[in-house]
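First chain A sits with chain B, and in the next complex the same chain sits with chain C.
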Partner chain A sequence: MDWKTITQIDRRYLYIILFIFVSIPLLSPLNLPILVGEHAQAMYDTTETLSAGDIVVCSFDFGPATIPENRPQAKGFLFQARELGLRVVATAFWASGGPLGEDILRDVYGSDFPAIPEYGTDVVYLGYIPGNEVGMQTFGDDTWTAKGTDHYGTPMADIPLMQDTRAAEDLSLWCEITSGTPGEQQVIQFVQGRHGGPAALPLVVGSTAVSVPGMMPFYAAGQIVGILNGLSGAGEYESLLAGAYGYPTELLAPLDAQSVAHVIVILFIIAGNISYVLTRSSGGKEK
Partner chain B sequence: MSLVIKRYIPLVITFLMGIIMVIATYFFAPGTPARDATALLTGSVDILVVMAGVIGLIVLIRHHSVNISKRGRFWKYSIFTIIGVILYLIIGLYGVATHPQHLMYASDLFAWVYNNIYVSMDMTIFSLLAFFIASAAYRAFRLRSLEASILLIVGALMLLGRAPVGGAIWEGLPTIATWLLNVPNTAGNRAITIGIAIGAILLAIRQLMGIERGYLGPEQQ
Partner chain C sequence: MIPPELDLFAAIFGVFATIFIYSFLWKENPLSRAVEHLFIGLAAVFTLAFMYDAALTQGVWGTARLYEGNLIWAIPILISLMYFFFFSKKYFYLYRYPVSIVAGIMAGMMITGMIQSNFLVQIQSTAQLPLVGAGVWEGWPPPGLDSIIIIIGIITALSFFFFTWEHTGILGVSTKIGRYFLMATFGAAYGGTVMARMSLFIGRLRFLYETSYSDWFWAWYLVPIAVLCVVGVALWQRSKPQAED
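And now, the complex of A and B:
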């Protein structure tokens, strides 16, 4: 096989090469340095400006497919909120996010969650709220109407934290962990836009990397004030939390694997283009 | 079914609901009784979603039952689909039956099926994308034209800049990737977003006026 015919290589060889090279850093991390970008820094700084007792929403709007990206983002935000003494109203506007959110809350607040002393006063889990963007709108307009009980069947009236959470006006920050619709754009349109804009309800977003380009106009306009861009954004956020609060780092190995995968893809592209150029220069036609 | 029921009544309902929401949103301030009254309408969407879910369940089972009975394409997969749907439905209803005060109660068995079957399968399928993307990039990213070359170079910069390896190679790479996201990408995406928004407004107006009727299905069965 020469360079001209390399494009005809069986794709299964590519899969094997990728699998082997991605596995190596997962088994033996390279510990590449993580440089914190402006988007993750903005998310961290925005959350830091809040005062103990402020009420924040953390919405788990993703499914199992994007757990590797979204879970560490949500976990990091909940950790920072707990460290700052913020009161967290956690919920999900995706049915698939309901069980995943509960799992993340157990990771942060302890395996006994919700049977913990601070449940109901400092943190509450409403679970899945149906209706997509309409559910979001109802939540912002009249939180108790959106769902009558928390995830465990306790009426809103019996939850102290929900006594102070009647509408979007009571919230100091909305953290949207998302991988699609409804997501950050629906929060902007149906909650933030109806309740005083970004000055009244700042929005930070943890998102899959593939969705971030589409939300940049909203970041430029100030409607989104901080973004965790996929796994790398979660890693940057994690390193900030580790420096400030001793947050345990978990993403070094996955980020190393991501780095290796990206380099492999670039090498594949270079190889493919060398073959393409050589084929064209010899007057051949690429298959 | 008469034309009145199939066509005119849905059109009237669409017009009335739409016009009420438009008037309430643009002419009444939040907190006023008229605006608050629309919460009843938005709240009723939950009921419609549930109804749609039930209809979806019936259609799904009917479609796959027909496929099995006719030994249609991939009919064996239809058996697994029906078994999965019915089993998960029974497990879910069992959880609710044991906790009647909590209609969204997820029993341990329900959670186990979700966490150990659905989550694993969904993550596996999505993970395969990494391999497909690598293969597709290898075959599709070519220096065929100026536009394709720009796309290739920007793609490579983003790949390097958005992973720790980029910063390890050269600290400027993450900065370049962030600039690409913040400036050229924002410009392009802003144009697309505004275009979509204008299109959505026009579509909504057409639907309210009964010009756009695609959502009602074909004109003649």
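And now, the complex of A and C:
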């Protein structure tokens, strides 16, 4: 085995190496420092500027496949909203987001949710709203038409918080937890764009890391004011919440594992490229 | 929300499903295929049931809906039922009505929404990039440098898709630079993909290492058994006589 034949290694050995090195920090955390990036800081700061009583939307638009990334993002945002006294209208435009969102709300507001005193006044769960983009647009234009009842069948008229939530103009912030379509771009197009733009309805996004590069033009244009980039973004946000509110951290070990995994992948890429260059320079045919 | 009494069953099922699915990385086998099909089937049924329930709640049983005499909600229901004419040769043309209605609505919504948010606002944002003024060239990296890189990136990347003239001379240089910007973009997207996949892998490992039930059962107890199942099936497959081509 030399540098030129390294690309012929059975890929299954690489999987085993990755499995071992990712497992080590999960079983014995390395406690690597978490550096808070600009985007997570912006999401935290934007939420902090709101006043108690402001109405915010938290939309769970993801499925089981991205729970490891999206769940801690949503949980962190709901925690911060509750600590700040914000009134939360939680919903989902993905069918799979309906039960997942309810589970996260139980984590933050207690296992008795929705049988809690603040339900209906400080928090309400509308559940799944069908129609994708059309549902989103209707929610922004006339919330009561988009969903006649909350997730538990209570009519909108009987929910005090919904008396103050008739359209996007009543909202102070939209938090989109997403892993696809409909997601942040649909909020921008069909809600934010129709109701005064980013100044009237700021948008913060918690997203799976795959989608974040595509969001950057919207962030640069101010249409998105804060982003949680996958698991690492959730970890950065969590560390901010832990510093300010004593939020219980869960992601230290997973972030260590992710850092180790990235180092391993980078080393694989470097080794593969060295092999490629050496093979070409010696006149061999790369495979 | 899984009822507490089903937590143990969910953990056991989850361990076997996780190991069987990941066994695909070693080699495709009947267990990985079985769990894959199960996942797709469950997802399809779940989505169907949830959307059916949501549609009934939204259109029929909700406040001021069909059940309460608001007949306008019968229109979307009737239109959506026309989708079933897809299965009729004689009345197939009726299937085209709901398709065209949905396509028309989406086109109408998209055109206005996308031109505003994905086109005009982006152009406006680019035109407003700071190149001069207080603080533009202070700190590191200075905001002005960002602006210059973005402007060069936009112009050169756009020139790459300009096919009226041959890509030679100045246009050739521009398209070459544009190609590097595009490659950097794809590289960032690939990096994001790797990060996301690693997060999901870490999520599964956390499930295996951290899931427990009543202090006497840990999910990882079952990992060796699940691995043995995969190995057993592989050996069984190997022992079968190979069909001749």
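Simple rule for what comes next: the second predicted complex is superposed on the first by the 287 of 287 C-alpha atoms of A that agree within 3 Å, B and C clash if a C-alpha of one lies under 4 Å from a C-alpha of the other, contacts with A are read in each partner's own complex, and residues count from 1 in each chain.
One rule holds for everything that comes next: a residue touches a chain if its C-beta (ideal position, glycine included) is under 8 Å from a C-beta of that chain, and two chains touch if they have at least 3 such contacts.
Computed from a predicted model, the values in this text were never measured in an experiment.
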Which superposed partner A:211 touches (first chain B, second chain C, both, neither): second
First, second, both or neither for A:106, with chain B first and chain C second: second
Chain B versus chain C as contact partner of A:24, first or second or both or neither: neither
Which of chain B and chain C A:66 touches, first, second, both or neither: both
Contacts of A:273 with chain B and chain C, given as first, second, both or neither: first
Touched partner set for A:220, first chain B, second chain C, both or neither: both
Partner chain(s) touched by A:230 [first = chain B, second = chain C, both, neither]: both
Touching partner for A:38 - first (chain B), second (chain C), both, neither: first
A:128 touches, of chain B and chain C: first, second, both or neither? both
Residues of chain A at both interfaces, chain B in one complex, chain C in the other: 15, 18, 22, 63, 65-68, 98-99, 103, 128, 130, 134, 137, 149, 153, 194, 209, 212-214, 217, 220, 229-230, 232, 258, 261-262, 265
Chain A residues within the chain B interface of the complex: 7, 11, 14-15, 18-19, 22, 32-35, 37-39, 63-68, 98-100, 103, 127-128, 130-132, 134-135, 137-138, 141-142, 145, 149, 151-153, 194-195, 209, 212-214, 216-217, 219-220, 229-230, 232, 235, 255-256, 258-266, 268-269, 271-273, 276-277, 286
Complex interface listing, chain B residues touching chain A: 30, 39, 42-43, 45-46, 49-50, 99, 101-102, 104-106, 111, 114-115, 118-120, 122-123, 125-126, 130-131, 133-135, 137-139, 141-143, 152, 155-156, 159-160, 162-168, 171, 174, 178, 181-182, 185-186, 189-190, 193
Interfacial residue positions of chain A with respect to chain C in the complex: 12, 15, 18, 22-23, 26-27, 63, 65-69, 95-96, 98-99, 102-103, 106, 128-130, 133-134, 137, 147-149, 153, 155-157, 185, 188-190, 192-194, 208-214, 217-218, 220-223, 229-232, 253-254, 257-258, 261-262, 265
Interfacial residue positions of chain C with respect to chain A in the complex: 1, 25-26, 43, 46-47, 50-51, 54-55, 57-58, 62-65, 105-106, 109-110, 113-114, 116-118, 121-122, 124-125, 150, 185, 188-189, 192-196, 198-206, 209
